[in-house]
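There are structures below to look over.
Next come two complexes, and both contain chain A; in the first it sits with chain B, in the second with chain C.
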Partner chain A sequence: MHTERFERVKKSTNLHFTMEADEALRKIEDFPSNPGAMGYFYDLFRSVYANGGSLTHKGTIIGTMCVQVPEELILAAGAVPFRLCNGAHAFDQAGAEFMPAKACSLARATVGMLHINRSVHKERLGMVVVPATCDQKRKAGELLREMGYNVYILEVPSSKNSEEARHYWQNSVKRFTAELQHLTGRKITKKSLGTAINLTNEARRQFRRLYNFRKISPPVVYGKDALLVSNAYFFDDKERWLQALTDLNNELELKALKGESVGNRHAPRILFTGSPPVFPHLKIPLLLEQSGAIVAADEVCSSTRMLYDAVAYDESALYDMIPSVADRYLKPCTCPFLVLNDDRRRRLKDMAGQFAIDGIVYQIFSGCHLYEMEQRTIAKTFADSGIPLLFLETDYSQEDTGQLSTRIEAFLESIKARKRRK
Partner chain B sequence: MKYFCGIDIGSTATKIVLTDEEGKIAAHTTAPTGSHFHKNAVEALEALLCRQQIKRQDIGYIVSTGYGRKLFKEADETISEITANAAGARNSGEGAGTFRTIINIGGQDSKIILLDDEGHVKHFTMNDKCAAGTGRFLEMAARNLEIEVDELGDYHMKSTGVPATINSTCTVFAESEIISLMAGGHSREAIVAGIHYSIARRISRLAGKIGIEDKVFFDGGPALNRGLVASFEDELMREIVVPETPQITTAFGAAVIAQEAFAAEGEKINV
Partner chain C sequence: MKRLRQAINNSDISRFRFHFQLFAFGLLIYGGYLAIDFGSNYIPAFACPFVETRGGTCYLYPLQHQLNMPLSQLFSGRGIGLLTGFITFLLMFVLFNKAWCGFACPLGTVQDWITKLRNRFGIRYSTYSETVFSRQKNIKYVLLALLLLLSLGMSNSLFGMQKLSGDFSTSYCMICPGRTVLPLFTGDMSQLVIDFSSKTKTVLTGLGMAVTGLFFTGAFVKKRFFCLLCPMSALQYIFSKAGLLRLKKDGMKCTRCGNCYRVCDVGIREIADDLESTMIVQDDCMMCLKCVSACPEEGCLKATFLGLPVYEATEQGFFKRMGGRS
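Here is the complex of A and B:
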């Protein structure tokens, strides 16, 4: 009886998810002059999500619950990293069975997805790595363990400013390395780690190329496409992804040379920050661009923050390489789980300058206290420099779309009026 | 003579304002939005034109705003109700600079808009998650008290004792609260005053969050309610300015923007 009911819930949840994914893709594709090379990404999402297809990865898959998990180590141990952070309302609702009504949609949807599709995921995922970052993620880790997943809690310091914190993190990463080798039965060598670092660094180099194209005004690429590219990195085969992004970049380069652009050249240029948008929940970036703005830059962990920084190492002894990898994850981190997060403010200010930003849009998921707490400081920082900030609290449901679009349009109208007066 | 038209399709009422070349209100009308709101809006506009003996081709530009703005295809441009409301308030004769804060109460939301020195939108916040502090809340209350919405102000002004306390913000709970207050022997006057204070308090709290300045401009249909205005004055501890016809401020703002857009287009053609 119980299982019969579960099967029905599972069927309807997955159906709703497919509907959501399909709707999001339609909206994403419904823009004039999409780059031809984006076709790869549209098809990828359509085949994996909207058509109910599945992923084919060789080797052990390691699920990650946050950007703080060093993927180079997973690759070097011969496994495949797979970011589980989920963006679907259907799974958010399924997760409500386990998490408080006021929990963040992202954490709840991730738990919901792993609950509903546990029969596949338990088999596929050799391990689920949960960094002890924000409270919701930590506790979600415990829930997943109760569900029978092989959960590994990756300890993370709550500050990055002291030498002790750095050591603590490096030790944590070392322990994680040992666990990975134990799980896959493969030793991480200088060579395998070097190959992994080269691959991920190359991926990030290409991503930075895309990032730089987004500085061009009038714009050559929409933010919704850049977000889709980085979202694909969550699960796509790294080499294939790298090739597809290289093709996209080459196309954009040509476009820029020919002086072609997308959207209006007076389009307000938006910097997007806050709780991370994950497909299919690209609601706010899409509303912005549908209303005539350009999401020129983002400071979110599902996109730029995930892919911007590269691992810097010059000595190639294994005992030096692992700490270099660890450093890449802590030093540039600007997630608000860190105390004294001045770096985030600095990063946002730099970006606002580099990308000629007209306004900031700050998304928080209801229940995400960390991002909400930082909103005031950041709003103040920008108020001082005359850049308006729109703060939007939302969740994965579509119910607030009408209200959100009124707010967004009013915000863009005030930016345009301001620009005209200048 | 050219006219400019602003049409505000709200959740309960559709407001239409025509301005003349001097930017003065030449005519206005209000009609229920209804479920066939596109048809109703078109009919209301036609009736207004007929009554004023204005020809359709004399309208230089139409700007639509409000929840139904996108579906009014006859408009030359659509604008959000926040921008429109600010434009309406700025041109209401009060003059920019005399106030920097606007409170607007609509049928299903309330907004607080902050203006900069030139009278442009600097910051805004909205309550659109629940009916508390909206026109709908007042309608529900009046219905339960078995009085008309436009009598609420008089009842409030007649109340002498301590206003009754209304705690619920959800209309459903507030409804039963009002019923039990009546059963408990509270006068209608005291209950009405209590309702006004609870709305004013909620909105003041929202206003406190974004930081209000100077005098406060109050518009939207409920601004006609003297009792509500008095409660706002008490809660905000500031002077409140209410325009003559507060329910059409947003539509008037849309007409102002229509005239500006028409002028800008004219320039383009002349160049």
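Here is the complex of A and C:
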């Protein structure tokens, strides 16, 4: 009886999810002059999400619950990193069975997805790595363990400012390395880790190319496309993704040379920050761009924070490379789970200058206290420099779309009026 | 010009440094064979006077000799020798700042070779904890003060003490590993002895032998082990702000990613975490510029000479260097 009911819920949830993904893709594609090379990414999402986000990779798949998991080590151990952070309302609802109504949509949707599709995921995921970052992720990890997943809790310091914190994290990563090798049965060597670092650094190099194209005004690429590209990095085969992004960058380079642009020349340039937009929940970036703005830059863990920084190591030996990889995940991190997070404020300020930003949009998921509590400091920082900030609390449902779009339009109007006055 | 600058910024400074060090080592250790005496007595690097075939001499040696005079003569003709020596040293130093340590000092070069050897064996390096690092910063200043005081103490009675015996002549050199290690490269083992002719000499040369042992073991496990204790480094740092070659940081551009700190041989944390200072050379810095080559932010770190950028951090350069590895 119980299983029958579950099967029914599973079927309807996955159906709703597919509809949701379809709807989001339709909206994303419904813009004039999409770059040809974006076709790969549109098709990728369509093919993957049409069958419920399937895990088609060969080899051991390591699910990651947060951007803090060092993927170089997973790749070097011969496994495939797969970021599980989920953006679907359908799964958010399924997760409501496990997590409180006031929990963040992202954690709840991830738990919901792993609950609904547990038959496939339990079999295919060799391990689910949950960094002990924010409360939501920590407790989600416990829930997943109860569900029967092989959960690995990756301990993370709550501050990055002391050397002790850094060493604690390096040791935590060392333990994780041992666990990975144990799971895959493959030893990480300086050669395999070197290859993995080269691959991910190359991905970051290409990501930075895209990032730099977004600085151009009038804009050559929409933020929704850039976000989709980085979202694809969650699950796509890294080499294929790299090739597709290289193609996109080459196309954008040509476009920029020819002076072609997208959208309105005077479109307000928005810096997007706060809780991460994850496909299909690209609601706010889409509303912004549908209303004539450009999401010129983002400071979120589903995009820039995930792919901006690269690993640098000194000696080609594991004793130096593994701590170097660890440092890459802690030192530049600007996630609000870290205490004394001045770096985020500095980073946003720097980006606002570099990308000629007209306004900041700050998304928080209801229940994400950390982002919510940092909002005041960030708002104050930009009030001083005269850049308006719009704070939007939302979740994965579409119910607030009307209200959000009214607020966004009013915000954009005020920016335009301000620009005209200048 | 733009293309040349790009080529330089894309280049691998460590490779250049390796070859330059080799050249400088040859010049300072074997220069005498070619009758080269580069700057005679006042090189701001450990160009050791105990190497017969040297092409230049470390300034600490003449400094100790020149200080061996009664204070009353300081402002007489003898003072001129001290003054010209000091000015010569300063002029040479100001040109390249602490890059003398990273690019020219033969003792530094030997340590880099030992590091390469350790890396070849796949043996891990060790690092100091922050407290040890900050405490031992002071040792080199203590050594510098001793070096000056002991030299003065031979001709003057300091702090009401008796004048020191002449055996304290060039006392620092007696414990410096440069004296014992560098002559080995010319096949001269004569410095590897303990001189029992007097108590002072026995102690000093005995210490020297111990330091030599420490030098080899230390350099094998810790990159640039001895540089953190070197009084020349302390003497240089006092005048570092006047250097024409500078290492600059633009804190606004820094993301605190820590790559620079990651690759720093001496372990200077300020390079990553100090966002205020624009002149970022610290007392242990040897201006090897590895930090610049590991920085992916355009123009965040740069070496400048007379205000002109010589070597600058670029995104392109960073990814080029890192991509060419493994």
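The rule is short, and it goes like this: the second predicted complex is superposed on the first by the 418 of 422 C-alpha atoms of A that agree within 3 Å, B and C clash if a C-alpha of one lies under 4 Å from a C-alpha of the other, contacts with A are read in each partner's own complex, and residues count from 1 in each chain.
As a working rule, a contact is a pair of C-beta atoms (placed from the backbone, for glycine too) under 8 Å apart; a residue touches a chain by one contact, two chains touch by 3 or more.
Only a predicted model underlies this, so the values are computations on that prediction, with no experimental measurement involved.
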{"item": "Superposition on chain A - do chain B and chain C clash or fit", "value": "fit"}
{"item": "Partner chain in contact with A:E251 - chain B first, chain C second, else both or neither", "value": "neither"}
{"item": "Superposed arrangement, angle subtended at the Cα centre of chain A by chain B and chain C, nearest 10 degrees", "value": "120"}
{"item": "Which of chain B and chain C A:P388 touches, first, second, both or neither", "value": "first"}
{"item": "Chain A residues touched - chain C or chain B, whichever exceeds", "value": "C"}
{"item": "First, second, both or neither for A:R418, with chain B first and chain C second", "value": "first"}
{"item": "Touched partner set for A:D314, first chain B, second chain C, both or neither", "value": "second"}
{"item": "Touching partner for A:R407 - first (chain B), second (chain C), both, neither", "value": "first"}
{"item": "After superposition on chain A, the shortest CA separation from chain B to chain C (Å)", "value": "28"}
{"item": "Shared chain A contacts, counted only where both chain B and chain C touch the same residue", "value": "none"}
{"item": "Chain A - residues contacting chain C, complex", "value": "163, 190-191, 194-195, 197-198, 201-202, 204-205, 208, 308-317, 319-320, 324, 327-328, 331-332, 343, 346-347, 350"}
{"item": "Chain B partner contacts - residues on chain A that touch it in the complex", "value": "388, 402-403, 406-407, 409-410, 413-414, 417-418, 421"}
{"item": "Chain A contact footprint on chain C (complex, rising order)", "value": "119, 122, 124-125, 129-130, 252-253, 255-259, 261-263, 265, 269, 272, 275, 290, 294, 296, 315, 318-319, 322-323, 325-326"}
{"item": "Residue ranges of chain B in contact with chain A within the complex", "value": "67, 79-83, 109, 118, 120-124, 126, 128"}
